[in-house]
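The data blocks that follow each hold one structure.
What follows is chain A paired twice: with chain B in the first complex and chain C in the second.
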Partner chain A sequence: MDVVWENRALLWIGLKYTFKLFAVVVVLGTVLGTLFGIGLLYGNKVIRAVLRAYVDVLRGIPLIVTIFLVFYGPVAYGVDLSPFQSIVMALSVFSAAHMAEIVRGGISSIPAGQMDAAKSLGLTFRQRILGVIMPQAAPIMMGPWTNLAVDIFKSTSLAILVSQADFLFSVQKRATAKGHYMEFYIAAIIVYFTCCFVISRAGAWATRRMRVGIAS
Partner chain B sequence: MLSEHMQLPLLIGLRLPYQLRWNYVLDHKDWFIDGLILALWISVIALLIGCVIGLICAFARSSGNRVLATAVTIYVELIRNIPLLLIVFIFYFGLPQAFERGSQGREFVLTLLPTPERTFTVALAIYAGAYLTEIFGSGILSVNRRYLDAGRSLGMSRFQLARYITAPIMFRTVLPSLSNTFISLFKDTGVAFFIGSRDLSFAANKVNTDFFRPIEGWAAAGLLYFTTAWVIALTLRFAESRIRWNV
Partner chain C sequence: MADTKVAGTHHQLGSTMVQIQNVHKYYGSLHVLRGVDLDVRSGEVVCVIGPSGSGKTTLLRCINFLETYQEGRILVDGDLVGYRDRNGKLVPARESEIARVRAETAMVFQQFNLFPHMTALRNVTFGPTKVRGVSKAIAEKRGLELLDRVGLSDKAKSYPNQLSGGQQQRVAIARALAMEPKVMLFDEVTSALDPELVGEVLAVMRDLAERERVTMIVVTHEMQFAREVADRVVFMDDGVIVEEGPAANLISNPQSDRLRSFLSRFADSGHLTRSQGADQLSAKS
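Moving on, here comes the complex of A and B:
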């Protein structure tokens, strides 16, 4: 493992890229996905149809297709995106589609009476969603959301397929240069496992905390 | 007909910088068809091997043997928390390099995994095995204890209990999850082109690298992935509804 330790500086650059990508995509995907999920449930006919098509298509094609189309598509039509922006966009639209389904499922599991009661109190749509529905749906959505976050972290490794210098890329580059494949791959397993494990533990902890909040 | 200068009518009167030319895809239909068949074939084999791994691991975990259960948990958690691409790299680049050049170990790896296709299938099967262990595990848990007690009172051995009571009941509950796993495995074959496996993504990438037509190639592949996954889902759902359970 000495050879890995000697190359830690370059691996760290890759890992930082992966962390940055993950952070941006989780935030963008969650925010967009929540909006899309609410649109799927409460939008008018046109909005619902468009979002349904969007969610089904993005969930139906492999992520790698989305990445390539977003990587080459906008640039070919004059929208100047940097490679990092492209990969962020690809992963965000992908995770937003999954998030939309999570939000739709979470809100659907709240009894309809809650919405009716909130309406009868004269609350506006925003108040109903933010004040009544979301606080109840959030603990239900937390588990699937954690899984999605882990999936996003793993999906950042696909950046290597469009030659972006993420963690897996730097591992692969160093492994090829030094010829010690297995050592580098074991290091990569440890890093990916630790990160994903931390994400899922943190998610489980947050879920427990949120349930306590509801019960009291 | 599709002309040489066919343009995407996105904005009328504006000459677009990138003109879609689908003839690059249509002229090489065979790449895409062969790739699609190979992708389906890889996912079927990976699902079958994965099911064997998953069944063995799930029963091993529920057997009550502490060592076996821990080993299965380590396998499942490890695979579920690392990217598929890393597993593929380990099998494709790592495994042959782990042995000395010309040693028996390397010869063995190279005869076992001679092609990128074979390597990817094995990596995908091991990846699928972890997820299928969880699916079969929850299937085993869903079997009511009373059935097992009834079996025990008839004097069945542990193997007989698993074979004649747990497995048939479990199979019904896991069937929808198996179809979902198959579809996601089919979509996961999309990364196979990176190690040179000639499946559907390889065709898309070849249109990109040979003719610099990334959008046409990948859009065609995406359309094929989407429709195939959709057809599979409909077929399997139909099949599930038609199965007459005679237990």
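Moving on, here comes the complex of A and C:
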């Protein structure tokens, strides 16, 4: 593995790109997906229909198709997204669709009486969602959300197709240059697995903490 | 005024607090409220009785606009509930307006519906701080007083799942009171309780009615409570008010066949057989 270690600086550049991509997509996907999930439940007929179609389509096509569409599609219309922007957008709309379903499911599992009680106090919609519904739905959504985060981390490797700057690309480039494919890909496996394992453990820990907090 | 001591006339009643005018409610093609008219005056305690499916809970939920009604009007202290009057035509009110009117009424639910992620005290202070803009310190002082009034000052830091059903329901009453509502709505609040816990909740309600002169609309199966505490009892069946009047009169001397047959189903002691309440609970859980 010495050959891998000697190339660590270049690999680290790729890994930093992957971390950055992951962080941006998790935030965007979570925020957008939460709004979409709330819209799926409480929006008017038109909003619900549009979001339903969005969620079903995005979840029903291969992610790689979404990535190519976002990367190559807009060029014809004079919109030139950078590789980073393209992959962020593709992964974000993908994860937002999954997040919307997680949020919809989480909120649906809260008894209807909670919303009734919150309404009867005269709380506004925003106060009901933020103060009453979400704190109860969060521990329920935490498990699926952690799985989504792991999926997103693995999916960042698809950036190799369009941006040629992520960790997997740097691994591949070094492997080709040095001819030590086995060593470099084993290193990739170790890094990807470790990151996903940490995300998954952190999620499980947070879930337990939240369940204690809610005391039920 | 020979009957001044009879339950039903022991309150000094004020102006009209709730006006329900020809209210109709449909679930799809199902016509669940078929033109209900009812006025409740300030300080009055009105018990609504009737068989399940008669529309009594739906009526209560309409007053709090947890259900929309399609025709007629409901006014709480002059404020139209859920709608705005545009030249005599009703148009849906804005969300903020609905919330403002809802805050004037407070509801206590069959299933308590306490917020499980908040302590008993936070359940009580949440509404005042968020809706009324009361400072946390003042809300907590007042919240502790209210918990004390329902006999739970030692449970302020407990979470709902650490409390018995009766205790949870008393916290729920304190939560409703904290909003200083103009009307309190009680929706079969003892139906989900174990029999031995019913008394403590009814005692709190009786205290509110008799000492605090809170305006109350109480949907209930507790006939004895209705007879002793209510100023007026309203009997609903099939989406309409069939009969109403002073509690003792109505219960001991029903005029309609429907009310007679309804009352005959009650056991000796004056409330529904407990198995019925237990069935409802298990069906929901």
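What we mean here is this: the second predicted complex is superposed on the first by the 214 of 216 C-alpha atoms of A that agree within 3 Å, B and C clash if a C-alpha of one lies under 4 Å from a C-alpha of the other, contacts with A are read in each partner's own complex, and residues count from 1 in each chain.
In the analysis below, contacts are C-beta pairs under 8 Å (C-beta built on N, C-alpha and C of every residue); 3 or more make two chains touch, one makes a residue touch a chain.
Treat the numbers as computed from the prediction; the structure is a model and nothing was measured.
> Of the partners chain B and chain C, which touch A:116 in the superposed model: first, second, both, neither?
The answer is second: A:116 touches chain C but not chain B.
> In the overlaid three-chain picture, which partner chain does A:197 touch, first (chain B) or second (chain C), both, or neither?
Touch partner of A:197: chain B, not chain C.
> Which chain, chain B or chain C, ends up touching more residues of chain A in the combined arrangement?
Answer, by number of touched residues of chain A: B.
> Is A:72 contacted by the first partner chain B, the second partner chain C, both or neither?
The first partner, chain B, only.
> Quick check on the complex: what are the chain B residues that touch chain A?
10, 16-18, 77-78, 80-86, 89-90, 93-94, 97-98, 187-191, 194, 201, 204, 208, 214-215, 218-219, 221-222, 225-226, 229-230
> Inside the complex, what are the residues of chain C that reach chain A?
Per the stated touch rule, the residues are 61, 64-66, 95-96, 99-107, 109, 111-117, 126-127, 130-131, 159-162, 172, 175-176, 179, 185.
> Over in the complex, which chain A residues touch chain B? Could you list them?
57, 60-66, 68-69, 71-73, 76-78, 150, 154-155, 157-158, 160-161, 168, 172, 175-176, 179-182, 185, 188-189, 192-193, 196-197, 200
> Using the touch definition from the top, list the residues of chain A that touch chain C in their complex.
111, 113-114, 116-125, 127, 131-132, 135-136, 213-216
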